[in-house]
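Okay, so here's the structure we're looking at.
By written order: A, B, C, D, E and F. Residues from 1 in each chain.
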Amino acid sequence: MAHPSINLRERLADAKPFFFSWATAPSAVLAGQMARLPFEAVCIDMQHGLTGFPDAVEMAPAIVAQDKPVIIRVLWNEPGIIGKCLDGGAWGIVCPMVNNRAEAQALATACLYPPAGKRSNGPIRAAMYGEASNYQKIANDEVLVIPMIETQEGIDNIDEILSVPGISGIYIGPSDMGLSLGMIPILDREEPNILAIYEKLLASCKKHGKFAGLHNGTSAYAARMIGMGFRFVTIANDSGLMARMARSEVAATRKAAGDVAS
Amino acid sequence: MAHPSINLRERLADAKPFFFSWATAPSAVLAGQMARLPFEAVCIDMQHGLTGFPDAVEMAPAIVAQDKPVIIRVLWNEPGIIGKCLDGGAWGIVCPMVNNRAEAQALATACLYPPAGKRSNGPIRAAMYGEASNYQKIANDEVLVIPMIETQEGIDNIDEILSVPGISGIYIGPSDMGLSLGMIPILDREEPNILAIYEKLLASCKKHGKFAGLHNGTSAYAARMIGMGFRFVTIANDSGLMARMARSEVAATRKAAGDVAS
Amino acid sequence: MAHPSINLRERLADAKPFFFSWATAPSAVLAGQMARLPFEAVCIDMQHGLTGFPDAVEMAPAIVAQDKPVIIRVLWNEPGIIGKCLDGGAWGIVCPMVNNRAEAQALATACLYPPAGKRSNGPIRAAMYGEASNYQKIANDEVLVIPMIETQEGIDNIDEILSVPGISGIYIGPSDMGLSLGMIPILDREEPNILAIYEKLLASCKKHGKFAGLHNGTSAYAARMIGMGFRFVTIANDSGLMARMARSEVAATRKAAGDVAS
Amino acid sequence: MAHPSINLRERLADAKPFFFSWATAPSAVLAGQMARLPFEAVCIDMQHGLTGFPDAVEMAPAIVAQDKPVIIRVLWNEPGIIGKCLDGGAWGIVCPMVNNRAEAQALATACLYPPAGKRSNGPIRAAMYGEASNYQKIANDEVLVIPMIETQEGIDNIDEILSVPGISGIYIGPSDMGLSLGMIPILDREEPNILAIYEKLLASCKKHGKFAGLHNGTSAYAARMIGMGFRFVTIANDSGLMARMARSEVAATRKAAGDVAS
Amino acid sequence: MAHPSINLRERLADAKPFFFSWATAPSAVLAGQMARLPFEAVCIDMQHGLTGFPDAVEMAPAIVAQDKPVIIRVLWNEPGIIGKCLDGGAWGIVCPMVNNRAEAQALATACLYPPAGKRSNGPIRAAMYGEASNYQKIANDEVLVIPMIETQEGIDNIDEILSVPGISGIYIGPSDMGLSLGMIPILDREEPNILAIYEKLLASCKKHGKFAGLHNGTSAYAARMIGMGFRFVTIANDSGLMARMARSEVAATRKAAGDVAS
Amino acid sequence: MAHPSINLRERLADAKPFFFSWATAPSAVLAGQMARLPFEAVCIDMQHGLTGFPDAVEMAPAIVAQDKPVIIRVLWNEPGIIGKCLDGGAWGIVCPMVNNRAEAQALATACLYPPAGKRSNGPIRAAMYGEASNYQKIANDEVLVIPMIETQEGIDNIDEILSVPGISGIYIGPSDMGLSLGMIPILDREEPNILAIYEKLLASCKKHGKFAGLHNGTSAYAARMIGMGFRFVTIANDSGLMARMARSEVAATRKAAGDVAS
């Protein structure tokens, strides 16, 4: 099997967007089913999803069995769990609440082997999904290191964050960014100052040759954001997708069936 | 908390359809999210779903926490597992491949306490979800006993099956019924002989004062079937709902974003 | 480590009662804590307890770690699961609803290696808890084979059941026995006809040199039953014991604290 | 369903004690059974209990299914896991070893949304147990933020700790407090200097309009402490309650049964 | 991904032996590691291994992620669990204790879709590992149906068993065969009557165009058996392989280190 | 049961090496099987192994059931998880990446009860495996506190690290030490400067009366290292041992079987 980070890297090199969704339910079964959908990757959400490390351990091979790479959003910027997620088979780490150069540096240090960082050696499963003999040689080049920009401090320090060696790109959480700026927590934001922030962050990414990612609620908004320059594009999550279709189908059935079904 | 089988019974008494979906992923998290959707119940699928008994034990309270009743489709017509599923909190049992009076009688015997049946006493969790002091008194009246009719033999014996005391209604699996009759396994069937079988089964249910249920793939077909007389109406399953919305959203985004996203 | 069935056998040889309780929660942690209590064994209840096989696999070593033997009440009289429970570390099998010689014979056949029975060879964990080199030689002598007598048919056939080679003793479920005879499902029964049945079953056990067991709700009743001849004595279960102490302590605190705590 | 934090808040407003116990076994089944007991809440103990995050994810809905709120004692004062426990359905956080204003502020910051704190938005399950549409609006008012006072430093800084906005009350661990002061680790302490510390902490709580909690071993001591002013009252834990009743019942049976059972 | 049963079928067509080992520990991690070894398949042992269905659900994708097919040895010849294992991703079923035509027919019926059998439709995961659109068309051709021959009755009925349509080959458990014939339960047997039985069974397989499999303890014996005609070749199991290497390495170290390490 | 740390302490007192291996698969079954092998202990690897805390909770009693002590390599030098692992039954903590006195002090503080450290009281399971009544009295003397030396900084500070009260000995990770010094990550190193570092670390340990441990890949190298002075000797891990034997056995079989098996 070709190692499953390839399609991520190739699409990024082509400046094509790649799509993924959050796996928030601690279920290898569901993660495997999500990996069959037309996404380029699946991201196990260990921050707001209800997945712990033992769950991620089960979910990762179910995703790889569909030839898709595993990305993990970790709980926090801690080297122990970041290294463990990489050992467990993640080819990308999304890390919440990175606000400045020191935090970005800590993230890169945790994700990369010496001399670039201080990741400890022991890729017990990761080495299984690449070519076993060369994992440690390719890991620093292949692993995506993706800080989340969600606060005014992070926005202000974007150039410093992106200039840390090893940072691959950024990811924006619109609801947390809004909350931290005194707005309500929603997706698909239209506030002009938010859109201006997006432009500023995209410009900085472009300058540094890094990609930018965004969580989106609807396809129309996601398409606009791709037009604006985002390439790492989330659409909803497992239960959200299920819920939208279920509400729509049940409502349609009740309406079509008429009074009897009210 | 009112015991959660009430809304099932009330809607049946009113001849209103009730909607549910299959929980096929072994995940209490996802089952809880499904229970928040506008279904009247959630059915844990232990036959084709990838759920085992330990999974159902975790899924049941997540469903009850949303005030919805738990139904379980068991693996097979065996008294051990049927009793255990009821003890574990199920208020309804759907049983595959019931073909004749003896099999229907075995199913009812497994589901009901003496003297109506031979269910063993020990409702260790079920009693928690009703009013604890009276579970054993109400269980025989409240538990839904639902054989699946999926073969020519079952169709031929429908009157005998429905005349077994304790049988609450029937459930039809269209793909298995088709397979067993020499057709391909699909949902939302339009073959005239299948529709004639549905009519025959509905007529028998009506004569015996029992309800009929059907698995459906789309809202339009489900609405037609409600018009025909079905009341126990399944729409898709957890991962199927997720997949349909994901495919639709990603395709819409790719189209709207144009060449860059192809 | 001496193999942990020893204390069971020794006490039986001495005609001393041995006490145990049901582990009904699927938790290795709680089962281990129960094994520290002054019971001679812990019985994992796979019938009415909410434990499945993967749970029992985790619970067994936690019990053995406290030098107590594992007994399992299986779901049903099926050779597959009985053999698997024995392979997984059980030194005794309690089997529900054994009503006649054929069913008792099936149970013994499932529990014993050839030529006494047809148990398949593969004691993957059981052999770890005895002396590895001789498990298959001692197993037929050490494993307890315990049918439950819960119906009129079982009572009527007690002599035939006890005369099946390999049966170690019997176990009575008072609530199921009551239910099957048209009474309410309770423990610690005082109905004269039930007590007469107990006498009859005890007499048959004595005649055949086998022990008799009973599930009890209170210490006073259990002590009377020991006086009557029962030796395999259950007192309550994990959650029942927790619940009784909690209700008592909270009520005592509320009362002692007075109005403020009402 | 009314959101399950209501009864906690209402009793606090009335200055009534509320009782709870620790769920230390990683078992949704047992946690559900504990939630049926006459406690006002169940607290999942992730510090000394053997529960990890994936366990808490399963335990929470089993508690909510009995209409009781979930409290979690976290492992340590870390924002990642605190946010995740709140997202997973906790309405209260008990945090060990809070010794000064800075640590109390860090705790409040982790528990509260901006602008009061820096909790990240994503209440994937918490929002299911309140009214979904308004969770983020009510969370800062409803979530209980409870530092543990267990050291001389914490005692000395009690006024500073309680003056941090967002702190709801305090909780005292008597055995750790004793250990840190050079005494043995026990509950239900009678040392005069400890009782004097309790008075000091209660007085500070009263001054700041906050509640105080204490872990108790017996009902008599708990009642005295309620009289002294404690309102957040723990009595034992799951396995401790089970063990006390089991020891008592087995001893009583052995004694009543006489020599045969020795 | 090519569907992972291909290499099994291809090697069989070439009359090449294929090697596999038993996964007996309920661990997706270990099963994945076993799948990287130079075996043609991994067989999850649900009979004597300590794996239950929920474990197999996690283990299957870890095996597939290494491009190896999943085989499952089921607990017993029951249609419910056999269908569920196939739905869960198995491409072969090994079934213990098949003794005659009726039992072989029951096995084939459970494994095959109508009209060849009565397998129920719902390949919720199996369809993911083939090409989704055609799973039901290819399954009857691809799924391996493998009865175990372990008793005199099975040996006597070998021709009848092999003449049941759908049976792919047989598998011999040497220790159970020995036990059932009154010998001790060992592998790598040298008793002339056992070797004569192997010859008889191989001859019957050859006549019917079916393959034969055998469990082996050592490479030398396995090689001899391949020479004799066996093609479906088991070598040990997960923990047995670990144990042999560990014992050897520790002993070698102690010896080389001399007195200090004794 | 004697408490299971005894054999560790006794062998250390005798200056005998003790052998152990890493349990990296999250499986109580496999950990129990490893505990039967001729190792003095089993070390659950929570750093590079794929085990989380809920896994360790299940693995610990399976090890204790074989009368072996549990050691845990924690993820990181954090007091919360270290205390929890000790509460859960570990008698030794191996901690990665300890580089200086402050980090060694933090580790000892987390592992020891006051006044030696700040471990919080609550040995919910640990107390079960010693003699319950005296766990807190003996824990500070019995628990092994083992920092890993893996960097130049740690090497430079070895005397300061070893002079921290409560540190029991050190453990060397050869691949990480190599990586951090600019070499490739391998075991069984022969670089003269690495061997000189080993001599320096051993000399410092000898001076401070502490033991030294090393991870080894082969028995020959391990024996040499014992001769050099190492006493805490790791040989491989669960899946590595399995893999080596499997590769060897399959290759030997293919070779012996000849062309047919290629």
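The rule is short, and it goes like this: a residue touches a chain if its C-beta (ideal position, glycine included) is under 8 Å from a C-beta of that chain, and two chains touch if they have at least 3 such contacts.
These numbers were taken from a predicted model, which means no experiment stands behind them.
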| item | value |
| --- | --- |
| Count of contact steps on the shortest path from chain D to chain E | 2 |
| Set of chains adjacent to chain B and to chain D | A, C |
| Centroid comparison with chain E (C-alpha atoms), farthest chain | D |
| Higher-contact pair (C-beta pairs counted), C-F versus E-F | E-F |
| Chain at maximum distance from chain B, centres defined as averaged CA atoms | F |
| Interface numbering overlap (same over half, different under half) for chain B and chain C | different |
| Chain A and chain C: spacing of chain centres that average the CA atoms, whole Å | 51 |
| Centre-to-centre distance between chain B and chain A (centres being mean Cα positions), rounded to whole Å | 37 |
| Overlap residues in chain D, where contacts from two or more other chains coincide | 24, 26, 29, 33, 36, 50, 52, 54, 57, 78, 125, 239 |
| Arrangement of touching chains [line / ring / star / complete / other] | other |
| Listing of all chain pairs that touch each other, if any do | A-B, A-D, A-E, A-F, B-C, B-D, B-E, C-D, C-E, C-F, D-F, E-F |
| Chain A residues within the chain B interface of the complex | 15-17, 19, 21, 24-27, 29-30, 33-34, 36-39, 50, 218-220, 222-224, 226-227, 233, 235-236, 238-239, 241-258, 260-262 |
| Chain B-touching residues of chain E, taken from the complex the two chains share | 52-54, 57, 78-81, 83-84, 87-88, 113-115, 118, 120-125, 136 |
| Chain F - residues contacting chain C, complex | 1, 28-29, 32-33, 36, 57-58, 61-62, 64-67, 125, 128-129, 132 |
| Chain F contact footprint on chain D (complex, rising order) | 24, 26, 47-52, 54-55, 75-76, 78, 96-97, 150, 173, 175-176, 179-180, 182, 184-185, 239 |
